[in-house]
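Here is the structure we will look at.
By written order: A, B and C. Residues from 1 in each chain.
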């Protein structure tokens, strides 16, 4: 295939099938498709549905460290009967100076689908534009990580039975955390009530919230003090010390925003606590053993969810 | 599964099946189970027995360099029809500061069994305590490496037809070498006659020998001069220069303890020489081609032995 | 198997089957076998032939960075139904000082075939001499890379319908580039007309050309000025700056030898441009989208070609 034709090919595909051939951003997927993916995930999790992609190869190209995303893509693909081709940047021709685009063009010929993580924003979209195979974004810098958003939505629906009308509190750095913007977008699609709690100066960009509001309507509260007494779901993410000029201030804020066992007595009894992981110390480790802690289940839902995504992309 | 319940679950399992769900130490396995594993290994090696674990995933988590243990676990799993999920610490979220326990809890959800190597003693036991899947210890620091001990026992039985009553000489650093303590334990279970030959100051801890003696009875001789004229089996391990204050003394001792072709003329003709590998220069390379050298066969027995172990753990 | 017997075993094999059990150099393969491999590659590419090596394991041992060779060996093996055992030198016992020969002897017992890349010339031959399994050379320093040569020959035949009588221009560093010597050898076997264009001082060793000429007859022109107006095939390779004493001279020569879109107006319309990849900037990137650019197809032919080679070696 001439790579100049890739764009044409993928456009025709999207017209014929009414959906993109790639999964680069949660914005590429309509509500109906998301619901279909979540339903399939549920069926796979309940062992009511098998995905058969035997004989197909998934290439994983992770240009940044990852435990969960990479291994769960690989495990999900294995559970679908696929083989894994693992591109390791540290032992590749990148060292010889090969371009990202050339690497993608080459590996495209060796596999049936590509999962790509890269620190540069827009890299996954670039990869998709030169590959005639489905490309799924495993995180491109601070930009998008659509399968994580789908896992988050599934985890909420799974623990609460629904998303609509739930009080979902997002706690942490709303400015830089990759997952948060996409999650707000996804939650707005499903009409959840959102509270964004962040330290001062780490609020989510209001222009982004305006944009989501215009698209779906947005029921959102903004706060700078940790508080989740009315939350059905508490979604925690990290506050990196590097975001502060003063290390003492960083430590004070991290301590203030740490979720503590003692604080949970004021929370709803059936509160579900989520976290994209890895967590460092933003949640007291004693909470791990409490029934409210759902973050390891959340990580494990990555398998059926990514199986559903692979089926969706390779249909 | 709530991880607080893992201990309860694994305890019930051990009561129902009369055996542990994990393989952390050779002490966890009774003589009867060891003999069953060695018998199964023999059958697999003779192609009289197939292990079918198709569709199951083995995760390999090696936090320390390894050639034999990791690759032979992977190859063994493939020969059983399993898929391999390879966790590479250097490209993982460990770099972001994730704890060992969180990593294990996460990967547990992606696989059906875990093979773990970690430099810290007790880490494999810790992993087993937070995973609801079978965990096999691939070496935890200077502590335990049970599949190596099983390979050693199998290699002795395979080359000599039995273990009981054999004269087995262990040569090298008896104080620090990981494999040696476990091997003494295993040999005592099978009533072999053991000679421990080490440089002065690198003897095995006598309290450990007392403990084994109390448990099984122990026929043991201690020596500081290399000599194996009456040995049926000579098991060699490395003496690291770092153990000596004086580098010249280290070199002298390494030279004295090196197994030389010339020395073998005083040894039994059917002496079997074993070594856990990798070897550096503790055996003259010309010995590699002699019929007494059994260490590469020993390494290769890792495949059927670990297939038998996987069957034992995933039964 | 005693490793002293490997040579005897492999010799007997070569007498019985009339072919080597290993693929170390293009010199080991006769014209008839090459044609058979290219024909099989064609059939695999056209989906007229399937290779079934289910249940077999290919070990990949790459002691040097590689994207294409390693991943395409792995992908090819998967397409044949094989499993992949990936030896990663950076997390292996090499760090503890194990010898290359010991590593090969060990891994041999874990797999059914070995693909080896190593920076030292002669290492693949050495590996083959101590392994009782088929060994294929994935590049040993500046020496040999036979599957690359086969891909090159296949790519020429595929885009031009034949090799005999074609004008093939090789452009770049003819002195050091690994692929060039083997390609000249292969092209001479097929009676192509060869033009070698290199900067002064980077010509191919004339003794090598004499040798090939004596063996097959050689129609060769030597030039120091980039020119490919009569070429049917232009094969480009890199000129490394390190080969020049003066960095300005290096830059000047690299610029002079860069293939530019403007230059192609003087070339044949159906010129096929090949490159072993990775390319850095020796071809203007705008050429990538032109129909003459065949280098990504060339890389992708690595899959059916290496499938054919695996079938040839494991027949």
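General remarks:
Keep in mind that, in the parts below, a residue touches a chain if its C-beta (ideal position, glycine included) is under 8 Å from a C-beta of that chain, and two chains touch if they have at least 3 such contacts.
Given the structure is predicted, the values throughout are model-derived calculations rather than measurements.
Arrangement of the chains shown, judged by which pairs touch: all-to-all, with no pair of chains left without contact. Under half of the residue numbers at the chain A-chain B interface are used by both copies of the sequence. Separating the CA-averaged centres of chain A and chain B is a span of 41 Å.
In chain C, 86, 88, 90 are the positions where the chain touches two or more neighbouring chains simultaneously. Within the complex formed with chain A, the residues of chain C that make contact are 62, 65-68, 70-72, 74-75, 78-79, 86, 88, 90, 277-280, 288-289, 291, 296, 299-300, 302-303. Interface residues of chain C, counted against chain B in their complex, comprise 2-4, 57, 59, 83, 85-88, 90-98, 102-103, 105-107, 109-111.
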